[in-house]
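These notes open a run of structures that come right after.
You will see two complexes here that share chain A, one where it goes with chain B and one where it goes with chain C.
Presenting the complex of A and B:
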């Protein structure tokens, strides 16, 4: 097993998985929060834009989005978020395109998670903030969003766990993460068929299990007691 | 309590039915395979997704491997409608032969020593080589011109890794299938695609890419395509003779011209007709 991990750089592959998950989680959180604000805003156009975003990206297969980032964004539109002169141009490019794809997809789920958090807040809070003279953004910043995030820790955590596992889709455009290692293992060591799966599965359990435990703990700790 | 038990029983029954359905499906195809193997038809494994070599479009099959298979089967006494085609992806080819699900395989099946431990090969009926596919106006003429360029291949491909080991300056883009590489090559975002020249020619010969892509024509490896047969098959020597006959009477040239001619592809004259025909049986 150790020999297998060494031969196929499984640790490096999981490090790429962690980096992919980390950066796309942050981007997805930002983008998803913006979309949630759009959906909560009193402006009709923004509401519909947010709703359209969620509907489109939540219902598109992730593989399609990731492939579109490579074949469409880069191939057709010539969008290159990496330097051509670099020795690691392809590696950087694929990594960043995969982050964009993962973030755009999971932002739709983040948006809905935050909206569910907003629904835990009694209507009186928004009314009170308005009667104190706070505007929409002020009320959002001071009253609604802080409570919404605390109420949405569990659904946001579920999105994060899904995101960590979904990073495996990035193998479709050649990012050298865990699923890439698995594909090479299957190609060159078919004799230890089951062990290959086991190694990768254990790796993901090591990543997701503590995440899940932390989320349960955090949602208990920061729950808004009413 | 009682209702919950009933529901649980219902779920169990439904799932066991579903599982049983899966099981019987497998069983059926297995049976069909083995009965045809011993009956009066022949089951031939080909690629379903390789333009110019073995391609299934609707109910039609086309490509060099398909035409060769039909010709060989005809010599063995099977008419075209006695052939049952079966998809044989690269990773499953040995298993398909060992379990008797196919009688023979024509699927860009390179003869290697590891594979010969599990199956036997008739032929080679064709010798291909690893080559490069580039856009028609590209100035890449050999492996050495790749330095600093972007090369495309599929995940887990040894051929691309070999190129990268030889020319460290090349950057490797890997996709799930060659189709994505070809589309990126046509876009101009990728400089070259590497694999067997027959596969490359098959893509270059597709209508939507006509005139846009070319095979460099400087192969740097030898891939001997053999007819995969189960170890216990007795047709190996017979197929060797048939294939040798096809090279003598020009049938092979016609087949290659029909399928890959649109890409100006001709068999490498140094390697074809294959020199060490036979010798891979048993």
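Presenting the complex of A and C:
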């Protein structure tokens, strides 16, 4: 097993997986929060934009979105988030396009998780904040979002775990993450077919299990008592 | 207190205010003028529009026609101006509506710091004084869920007071409370009334109305049917609806 891990650079591959998950999680959190704010805003156009965003990206297969980032965003539209002068141009490009695809897709789920968190807040708190003279954005920042995040830790955590596993889709555009390593292992060591799977599966469990435990702990610790 | 208050400047003026919820004409041509330092108790059967009346005054609800002015200023439609005017109108809700994730003191200082731009140290000091005034200063570092209903409502009153409002609205402030906690809240409200705060209070607590109100306004079906000084209203109601209503609440 150790020999497999060394031979196929499994640790490096998982490092790429971690980086993919990390950056796309942050981007998804930001984008998803913005979409949630749109959906909560009193402006009709923004509400509809947020709703359309969620509907579109929640219902499109992730693989399609990743391919669209590579073939469409880069291939057709010429959006190139990497420098051609760099030795690692193709690697960087695919890595970054994958992050965009993962973030855009999971932002839809983040948005819905935050909205479920908003639903844990009694309506009266928004009214109390308005009656104090706080504006929409102030009320959002001081009253609604802090409680929404704390009420949404579990669903947000579920999105994070799904995202970690979904990074494997990036293999479709050649990002050298865990699933890419697995593909190599299958090609060159079909004799240890099951072991190959096991190595990669265990790798993911090592990533997701602590994440899940942390989420349970955090959702207890930061629960808003009413 | 009674006659002198009525003689001073009108602070809140509602003229021909109309509002619908769908087909329901919930406020019908409401005319109501409240003088500075006046304490007005609004009573009436459930569903008569008392809460809606309160909520239109600080525009938590919109209305279709008529006008509402506070200190002579029209209520703006929305935006910064509305927020500014709202800050001058305190509101105390039946369900307290304290911010669950903030401490008692933070609940009281949020408005002064974020809306009035007061420095935190100063807001904390004033906040503690207010909490002391409503008798919950020793709970300042706790969270709302750790307090009893009566204590939470007193904090809510302190939170409104911290904004230095021109007028305070109370929408059934004791209806959600266990009986043994009602008096502690009414006492705070009574002393507030004595201190000269302009107050509009929706309540069925007749003891409070007799003790603290300058005027009782009786609402039914979206209309103000009669208004009078408390003694007169309770002893000698004019309309059948008021007689009927008083008969029902006095018996229990």
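One rule holds for everything that comes next: the second predicted complex is superposed on the first by the 226 of 226 C-alpha atoms of A that agree within 3 Å, B and C clash if a C-alpha of one lies under 4 Å from a C-alpha of the other, contacts with A are read in each partner's own complex, and residues count from 1 in each chain.
Just so we're on the same page, a residue touches a chain if its C-beta (ideal position, glycine included) is under 8 Å from a C-beta of that chain, and two chains touch if they have at least 3 such contacts.
What you see is a predicted model; the values in this text were computed from it and never measured.
Chemist: Check whether A:180 is in contact with chain B, with chain C, with both or with neither, and answer first, second, both or neither.
Modeler: first
Chemist: Give one of first, second, both or neither to describe whether A:135 is in contact with chain B, with chain C, with both, or with none.
Modeler: second
Chemist: Could you say whether A:226 touches chain B, chain C, both of them, or neither, answering first, second, both or neither?
Modeler: So A:226 only meets chain C here.
Chemist: Tell me the contact category for A:154 with respect to chain B and chain C: first, second, both or neither.
Modeler: neither
Chemist: Using the touch definition from the top, say if A:208 reaches chain B (first), chain C (second), both or neither.
Modeler: A:208: touches no partner chain.
Chemist: Based on the superposed arrangement, let me know which partner A:41 touches: chain B (first), chain C (second), both, or neither?
Modeler: Neither partner.
Chemist: Applying the document's contact rule, which stretches of chain B touch chain A when the two form their complex?
Modeler: 91, 150, 155-156, 171-176, 180, 183-184, 187, 189
Chemist: Spell out the residues on chain A that touch chain C in their complex, using ranges where they run on.
Modeler: 121-122, 124-125, 127-135, 138, 142-143, 146-147, 150, 224-226
Chemist: Which chain A residues qualify as touching chain B in the complex?
Modeler: 67, 70-71, 74-76, 78, 87-91, 94, 171-174, 180, 183-184, 186-188, 190
Chemist: Within the complex, which stretch of chain C touches chain A?
Modeler: Chain C reaches chain A through residues 58, 60, 80, 83-84, 86-91, 93, 95-101, 110-111, 114-115, 143-146, 156, 159-160, 163.
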